[in-house]
Every structure is written in structure tokens, then in C-alpha cells.
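Each structure below appears as C-alpha cells.
Both of the next two complexes hold chain A, though its partner changes from chain B to chain C.
What follows is the complex of A and B.
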């Protein structure tokens, strides 16, 4: 089985996010990029499927600072092929542009399954998976947290609110938006990643003419203002705990 | 093209989802600007009974066996047919397990622009989307000709999209729904769990900030001392540290306790949407810019590992003394 996992890096939300001089985009200067959490789950799900029934896992990602390390880490976890798309990605592209260029490359890889993350927190023009599915002419299902491949079909678990799961059957090839892998993404020792750096090959492929049609134009970005910001309690743990005790008593839960 | 706003009503097993009413409310705001009507689109099989309280100028009802249960394939075909025929100014979907499977595919299929994660429309008709875990808002003009929108909750109240006056329902023939590649096999019911967190008055919620499974005991101890119940954000449940029945959020349960104590939780939209019914939210988070502080009544940036053990001791003291 041939599984392709498109992965992208997104801003780390633990860091402070600032808006650039244009007022309509994030300031990339200090942005720390990390793998999209759900792409990490998609990678894990792909490797689990390969371990269960054999096959090849290909990770494909637009080039950006930090992707080499991410690709080597995926290799250490069990990915077979690592592809870097080289194009004009520096200032960011929207998912329509990314999906169009990925579809061209992925078609040639002739996948049985394409696993994307269900969403990325900076998607402004929809998530990548369903766009890709349409450009590839494949069916799509998102919010997936379990996959079984059975001949030319995939049986997937799709999540609805409240923990309800729909078991759906999709004809392969298909694109799935992974919400959670069946197991948490595995930890790999740094030594294994270092090993991968020495042995794994990064393939580069061209992604010319990125076309963003279909995405909105952003006029302005801003940080949300709370209607009513929380009353902040400062001091050492002792002082804060005393105040919280007081609050619990006021609220009648203590 | 016309100026109407279509709302794709989300419903599951005979129940209209709250996001449908939120979308109707948003659609009215938008329609005021475009001067069009609000049309609710109800896809399914024997679902006319769900139309009763939809605040819409008209309900377009499309009935077909292939629409009896949600699949992306059938929905995309059905909505594509309606969109091409009526050419509305905008089509609203929930930014949900249903809407997100459909909107992007439709955008690529019909070559129409898509705006995701919209939270509200401004009076001038601009959209405002919520991204980066609720830390950034992005504003822009509604793209043309037909803008496909996925809407997140929070910008409108469900009650604003409900009406006591039943709307006019018009039956519309379904387009050809053949060659479908996705089929429903069965539903798997959620595990019941030992407690129903939706009904608990005091919740101690832990997030990724708790770091390890062993540290969950910090929350357990505090919950036991206070007489509350432990629940969690998605990463904690995905790690298998707590069962799914304790998951709070978009994919878990919505809660409305007297007190929600959020420990090491950032307050991402998918979590936040399910806790706004809490009477009082108290947040412990070292990141002063965490969105949880935008919805909490009380907050502290004290490290949870310093604070929680001390707090537990003091609760025990207060109870014992």
C-alpha cells in the first residue's frame, strides 16, 4: 500500500504572535514553526497502517525553515520517502495554492491513501485535505480517528460531537483528514533522528506557479479583545491559593 | 447571481445542531447587508419536521435516500446542484465534522472562493475569521461571486437563529446522486463513562500543561479534596490519560458547571466553545496571552506545579478545620 502524507509547518501558538507592518499578516520574523499537530497524527496513522499491512509511507512538504529536521524525524519514525516541494513558499501560500501544486505531485506518486491533518490552525481558506481530494478526483472524509484498509476499501471512524462515531466505507484511492491517530504519535530518540540525518535522502521537487485562486484576501488582522478580561490574581503560590479558596467559598463550592 | 444567503442546516439523527441556528443568525446579519433572503437548506430523508423553528425566509428541502445519513460525497453533489442553480451570494456551512467535509470540496469542485473559520460578519458585510487557536482575527471583504463560508460558534447565540413562526418549506428535487464513493456502515455509540461531566457542578479540567500521565494525580487530588470531577482537553484524552467520556470540547461534551477550573489549558476555540455555559471559569496558565483568559472570570499565571499542590492542601485544611 502506498500512503502519502502531506505535512506543513504552522506557527507555534505558545510563542507570542505579532502582526506585521502591512497589518494583514503575521510577522514571520520571530515566528517559530512546528509541525501541524494533526499532520503529526496523520504521519503516525500512516506508519501504523504500514506496520499492520506493509507498504510505503511518503512524506511531502513545502520547503520552509525547519522542514529538514521535521522530515528526518518522520524518517526515524518509519517514513520511507521524504519529498520537499521547492517553490515560492517564503511568504506563505494558501491551501488552494498548496492543494493544486500537491495534487500535481501526488498524482504521480499513485497513492492508495493520502492522509492529511484534519485542519491547521492557520487555515483561512478551508482545510487542505478536501481541496486535495477534489483536485485528485478522490473521495474525502475528515475528523477521522481510526482507519482499516480492506482490499480496495478503507473503513474509517469519523467523529461527531459528543463521542459519536460513524463507521464509513470509502473506495480507494481516498484522502482522509486525520483528527487523531489510533495511538499517540510515537516518541523517537534524538539518536535515531541523527542516524536518519546521515542515511535518509531528501528529494526535491519543483512546485512552480502557485495559484491562490479560491482563497479570500485579508484586509486586516488583529488580536481579539476580550469583552471582559479575567481578573488576574498575582503573587506566590501561597497567596494565589488563598485567594482561590476565597473565590471557591464565595461561589459556594467550598 | 442573486443576493440570497444559503444556510446548510446541520442535523444528526433527527436533531438540528446548535451551529445551524448560529448560522441562521449570521445569515440574517449578512442578508441585511446584501439585501437578499435567508434560505435554509435541509438535506436528508424525512426531515421536514426539523424545519419548524428555523429562522429563515424559506426552507429548501431536498429529500433523497442517499442523504439519509451524512456523507461528504452525497452532500457535495446535492449542494453543488443547488448552488449552480440558484447562485446565492453566500453559502454557510458549520466549521464542523459535517461542514468541513463539504465546503472545501465544493470550493474546488465549483471553482468558488471559500472563507473558513468565520466567527461573525460586520455590519458592512466584511467577514471576521478566528485563527491561530483563537489568538488572531482576520478580516476581509466577502469574496465573489458566491462565497462559501464555514462558520465557527461564538459570534451569535443559537436563540437568534430560532423562530416561533414556522418557515415556508419548499420541496426541491434532488440532483442525480449516483457514483457515490462514501457509504455509512454503522454508528458506534459513545462510551457512557462513570460520570456525566455535562451535569457536574464542579469540574477540574486538565490540559497539555499537565505534561505527563503521572501528573494527572495532581488534579485527582484537588478534585477529591473539593468534591469535583476531573475532565480534560483533547490532547490529554488522545494520550489515553483520561477516557473519552471526560473530554470537554467540540468533539467531546459541552459543560455548564458552577465552577470550571482550567489547569494548563490554552482555551483553543474547539475547547472554549464547550465551556462558555459555565457559571464561572477560573484559569491557571503560565501564558498571559492564552485565550482562556478572555473567557475566564479569574486567572493566574502561576505555574500549575507550584500552585495546585498548595491549593489542594489549603482546600483540605479548609474542609478539615
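What follows is the complex of A and C.
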């Protein structure tokens, strides 16, 4: 089975986010990137499937700072092929553009299964999975937390709000948006990653013309603005009650 | 002149027993012993332990013959030494007797008498030792001892051998006392050179046995004695007494190549691949020898905080499981067929390994120098490479790999605690400093510790110390990362710190964290001759040199907790105590102090792991120990993690009214006025 996992790096929220001079984007100067948590689960799920029923796992990711380390870590975990898309990703791309360019490359890889993280915290134009499915002409299911492959079918576990769980059957090839792998992403020892750095190869592929059509244009990006200041009322119950009545009167509700 | 008579009144036929049968038994013993120990190198990996033979010989004498560690516990120590020395002397005595009988006659006159006195004294000592050992084993029954049949059997056998020896001697004396011609030169006065024998002989004399009767009893008791010696020889390699040999070997081959605070890097096989210990085959021959050496004394168990807390780890059991696995699977493995069964995960469960705080108490206590911690870390390395770590630990390791600290915070926040400090602390990467303060993760990031860290800076500034820090260039030093078994991450952290340190000009590193201290001092390659000091040592130096002058005399009654990585691992016991006393405080020691200090439970990466089900946390046990002391107001620590651990423990044990946890620096700060 041929499993492709598109992975993207997202801003690491450990660092404080700042808005750049344009006022419509994050300042990349202080930005530190980290693998999208859900993509991490998608990678783990792909490896679990491979361990269970064989196959090949290909990780594909747009170029960004730190992407090599992420790819080597994936290789140390068990990924077989590592593809880095090189193109005009510097100023960030929206998911429409990313899905289009990924689809072109992924088509050639002829996957049986495409596993992607169900969402990312910087998805501004919807999550990647459905877009990718559309461009690939494959079925899609999101919020998946377990996959069993059976011939050319996959049975996926999907969680609904309220604790309902459904098992759905899909015809392969298909795109799945992974919410959680069957087990949490495993720890990969640094020495294994270092070993992978020495032995694994990164394939670079050109990402042809990025087309963001269909996504929104960002007008303004800003930090949450503090609402009008609240008044803290202190004192014993009587004092607090008096003050409350006073405020209600001032506001004309009493 | 009186002289030794060979085979006194023993018919010649029995001489063959001594000259033929007993040596044959000895050969059987050696053969069986070889059969047991060949597994070490047939199953285990090679490891070089032959260098520095003189140092090794010295260790053999110190720990194997004089048995200083055995003696560190008085009652069992003396009991053991009495019996062991009995053995040594009987062995030595037999050798001398053989020389005297078959080579050069020299046991005559005073030499003979001294020889006799020596044997006789040790007979009494050994018998007394055996009786006291039996008392301990059958009446006192301390929980740390293994109380099974094997030990009873050995003890009985040894007792009967020594006792029949005494009887033989006494019967001989009784016979001679009746017929002095049997040993020319004999007199009743000289008989007192064998006091125990002579006193016992009085019994035979009182019974008025005829010389003929005495002679025949003498013969049969001698035969019993000699036969039992033969039995002992044959049985020895599979009895608990085998430790006579293995213990001597184990102390001889104990590790010399590095200080206790230094772990060995991951070993490589012939193909230059790393060896992670998961089966018997991955252990070194010395680690298998450790298993065969364990005397089951349980001293490690008694000292172990993980065992006391009720976790699944018992260091004694851990070593014994290596031994048992070796004797279960070793013979098939040695034949080259048979797969190596998993040791880790099967015989030794993951949870056992993760429970260890690497406090080193077991290693310190073990009378035969078994190296528990090294083996535990070796096996943990396997678990890490397999990804068998708990979620919290995994998170911490991931954070350490990504941000260089276990808190998962940006390195840019590392020096945030310095913000209110004026004048600004020097950046050691930009300007030369005399002291480079390696702050460490907890002191840097933990919100509850910033007060203590700031006070440290204040004290340094008040003492006009020329110091600086690495700001965001510092990473976790990696001591506990290494002890968790994440060697690759340790190397990465160490490389980053070394690169940062290399760019600085400084004379001495100082740190408040014993864990960082240990690894910087013992494990960072080529520290370029820079000394590493713990702040307690630096404070002590500054007090002595007058750089630090106290204006206030504190009058607290305090106790002091020795951090494992400062005390046991690096022998720094006195500096913090001198500092405490210099502040005017009265120091009252806990029963377990200095090298016997009880671990807080945080070390070896335990602070990053899920808490196991425990009866009582080690830190809580320790607080209970402290509040039993009369009138102690403060529990003084010299480790940032200890501040956290013990403040929690004081709360959870409900002792907030009775005792406060203070960092050493808080006392110093207060005394500065």
C-alpha cells in the first residue's frame, strides 16, 4: 500500500506572535515553525498502517525553515520517502494554493491513501484535506481516529460530538483527515534522528505555480483587543450588593 | 621444643583422604565453578576490566579482605567479618600446615604456638559470628535479608565444620594432657595458647574418658570434619557461599575508568553499531558477574527510595533477576543456539526501570561494589530507543530536544528572571567574566523559584563577584536526560552548551543545580581546565576569604538535606554545612545524612515522569524524618529541584506550620542583612 502524508509546518505558539508592518500577516522574523500537531498524528497513523500491513509511506511537505529536521524525524519514525516541495512558499501560502500544488505531485505518486491532519491552527481558508480530495478526485472523510485497510476499501473510525463513534467504509484511493492516530505519536530518540540525517535522502521537487484562488484575502490581522475595562468590586456582601444596586441604577435597569 | 605433629594419631589410610580425596573435591569445585562462570563471557559482551592491576589489588584488599563496606553496618558487619576471617585464616593455616608437613618444618616452638593461637582465636570468632548470624536470621529477621533454605544450609555446614574442628583439637589436647609423651615438649601451661581447645578439652577430661576412647572419637570427628570439608568443596559453586569467590572477583573488576558521576557512552559492537541492552547477550560479562555476586544482603533495598515508596523497583531483586535469567537461559545461549529471550520487558519490567531516581544509594551501600545504576541506565537506553516512554516523559524529552528545556518554553524566556535585577547581569558571551553561572532549567524557568534565583544573583552582586550568565545560549545541561537513557539528546544538549561555553572567556563555572554540576564536572568532555563549583562551595570559599561578610547572625535551628548529585556523587558534604554554620544557624542532622541521605525522588528524570502508585513519596518520607528532629524550624536544601519537591511535600504532609523549606542562599541572603 502506498500512503502519502502531506505535512505542513505551522507557527509554534511557544513564541509570542507579532504582526508585521503590513498589518495583515505574522511577522516571520520571530516565527519558529513546528509540525502541525494533527499532521504528526497523520504521520503516526501512516506508520502504524505500514507496520500492520506493509507498504510505503511518503511524507511530502512544502519547504520552510526546519523542514529538513521534521523530515528526518519522520524517517527515523519509519517513513520511506521524504519529499520537499520547493517553490515560492516564503511568504506563506493558503490551503487552496497548497492543495493545488500538492495534488499535482501526489497524483504522480499514485497513492492508495492520503492521510493529512484534519486541521491546523493557521487554516484560514478551510482545512487542507477536502481541498486536496477535490483536486485529486478522491473521497474524503475527516475527524478520523482509526483506520483499517481491507483490500481496496478502508474502514475508518470517526468521532462525532457528544461521544458518538461511527465506522465508515470508503473506497480507495481516498483522502482522510486524521484527528488522532490510534496511538499517540511515538517518541523518536535523537540518535535515531541523527542516524536518519546521515542515511536518509531528501528529494526536492518543484512546486509549480502557486494559485491561491478561492481563498480569502486578509484585510487586517491583529492581537485580540482588550474590551473596556472591568470594575472589580470588593468588600463584604453588603458593600458589594449596595454597589451592584448603584450600578444597575446608573445603567437604568432598576 | 614443642612442634606440630602431622596427622596426629590419624591412621595412614586417612592420609590419602586428605591428600587424594580432598584435592579431588577441590578440583570438582573448580570445575563446577568454571561451569558457572564461563557463562559470563560466553553470554556477555566483552568489556575491559583488566587495567591498573595494582589499584584493583588494593580494592580487593580493602573491600574483599578487610571488607570496609561490609563493616559499615556494625552488627552484620562484625558478624560477617568474623566468619569470613575465620575462613581466610583456616585457609591460610592449612596452607602453612601443608608447607610444614611436606616441605620445610617450621611450625615449632613460639611460631607453632602463635599459629595455634591464631587458629584458635578465629575458631571462637567464627563460631560466635555464626551464632550471631543465626540469631539475626532466625530471630531478628530484618526484612532486607533473603531468608531461604540455601542460606540456612550454608550457615549450618560452616558451623558444623568449624565446630568439629574445635572438637578435634580439644580431643587431641585431652589425650595429650593424659599422656604428654604424645606431643613432646607439651605442658599444661602451653595448652593455654589454644584457649578454646583447652577449655573444651576439660570437658573430655571431666568425663574421664580413657585415651583409647578419646582417640577413637578423635578419629571419627576428624573424619566427619574432613568429609564435610569435601562436601563443602563440591557444593560451594552452587551454594550461597560462592560469593566468597565472586565477591572477590567483583571488587577486583569494579569500575576504575570513570568517576561515579560519569556514565559510559553507549557501547558499540564489532560492527560499530550501538548496543542497547534488551537481552542477556547485551549485558557485559561484568554485569553478569554482578548478578552472580549479589549476596542478597538487601542493603541496597533498604536504602532505595523507590523501594521505600512502594514502587515495583527493588535494586536487589533487579540484580537477582539478571542472575536468575543467566542461569535459566545462559546455558542454551552459551551453546550458540537458542534465541536470547527479552530481559527488558519480560524479566525486568519497564516500570521497574523507570522507577529509579539514580540516587546512587544502592551503589553506595553495596558491600561487593555492584553497579546497579549503570545497568539500569543501559536498559533504559533500550526503552528510549524503542520509544517506550510515558507521555509526560515524552513531552519533556520533546521539549528538551526542541527548546533545550523541559518546560517547553522559548529559550528567549530563559533569562526572564533577570529583568528586575540591577545592574544587569553580564552576558558571558559578550564580555569576559571570572565566574560563569550556569543557571539550569529549574532556576531559570520555574516561576516559584525566581525569587531564590534572584537572591542568588543578589548575593553574588553584594559579594562583588565578577560573574555572568549565558542568557538564551544556555540549554539544559543534560544530566537527567542522560540518566533517562536518551543519550543522543544528551549529546546534542552537551554539544550546544559546549559551543556556547567555548565562545566565553571565564575561569570557573558555578551552578546552584547539583545535577548540572555533576554532568558539567564529570561528563562534559574537555572542560578545558575550567573548575566547576557548586554555589555551596563558592559561598564557602567566599566566606573563608572574607569576600562575603555577614552582618546578621541567624538563630534558626535547621537541618540540611544532601542532594544525591552533590553528596553521594561528588562528595560535597562539608561546604554547605560550613555555610549554614557561618550564618549562625544551628545545624541538626537527620538520621540519614551525608552519604546515607535519602533521595527526594526527583532525580534520574523522575521529575518528568508520571507518578507511580506509591505508599508515600520519598520527599514526604524525608519531611517526616526532618520534623522528628527536636525544634527544627527550617529544612535547608541546596538544589533548585529540592525547593520545589520539598515545598510540595511540606504541603501534602500538612506540615506548613512546623517547618519551612529554605534554599541555602536564602539563609545567606538573610544573614547579609
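What we mean here is this: the second predicted complex is superposed on the first by the 224 of 254 C-alpha atoms of A that agree within 3 Å, B and C clash if a C-alpha of one lies under 4 Å from a C-alpha of the other, contacts with A are read in each partner's own complex, and residues count from 1 in each chain.
Rule of thumb we're sticking to: a residue touches a chain if its C-beta (ideal position, glycine included) is under 8 Å from a C-beta of that chain, and two chains touch if they have at least 3 such contacts.
Note that the structure is predicted; figures quoted are calculated from it, not measured.
In the superposition on chain A, A:81 makes contact with neither chain B nor chain C.
Once the two complexes are laid over each other on the shared chain, residue contacts for A:184 go to chain B and to chain C alike.
Judged by the touch definition given at the top, the superposed model places A:194 against chain C, while chain B stays out of reach. In the superposition on chain A, contact of A:163 is made with chain B only, not with chain C.
Of the two partner chains, chain B and chain C are each touched by A:14.
Among chain B and chain C, the chain that touches a larger number of residues in chain A is B. In the superposed model, A:230 makes contact with chain B only, not with chain C. Of the two partner chains placed by the overlay, only chain B lies in contact with A:135; chain C stays clear of it. Within the superposed three-chain model, A:34 lies in touch with chain C and out of touch with chain B [touch as defined at top]. By the touch criterion defined above, A:50 lies against neither chain B nor chain C after alignment on the C-alpha atoms of chain A.
When both complexes are aligned on chain A by C-alpha atoms, chain A residues 14, 184 touch chain B in the first and chain C in the second. If you check the complex, the residues on chain B that touch chain A are 12, 17, 69-73, 96-97, 100-105, 107-109, 111-117, 126-127, 129-141, 143, 147-148, 150, 181-191, 201-202, 226-228, 234, 238-240, 244-245, 247, 250-253, 258-259, 266, 268, 279-283, 287-289, 291, 293-303, 306-307, 310-311, 313-315, 318-319. The residues of chain C lying in touch with chain A in their complex are 266, 274, 384-385, 387, 389, 391, 394, 397-398, 401-403, 408-410, 412, 486-489, 491-492. On chain A, the positions that touch chain B within their shared complex are 11, 13-14, 16-17, 19, 24, 26, 41, 95-96, 99, 118-119, 121-127, 129-131, 133-135, 139-143, 155, 157-171, 174, 177, 179-180, 184, 213-224, 226-238, 240-242, 244-245, 247-249, 251-254. The touching residues of chain A, counted against chain C in their complex, run 14-15, 32, 34, 184, 186-194.
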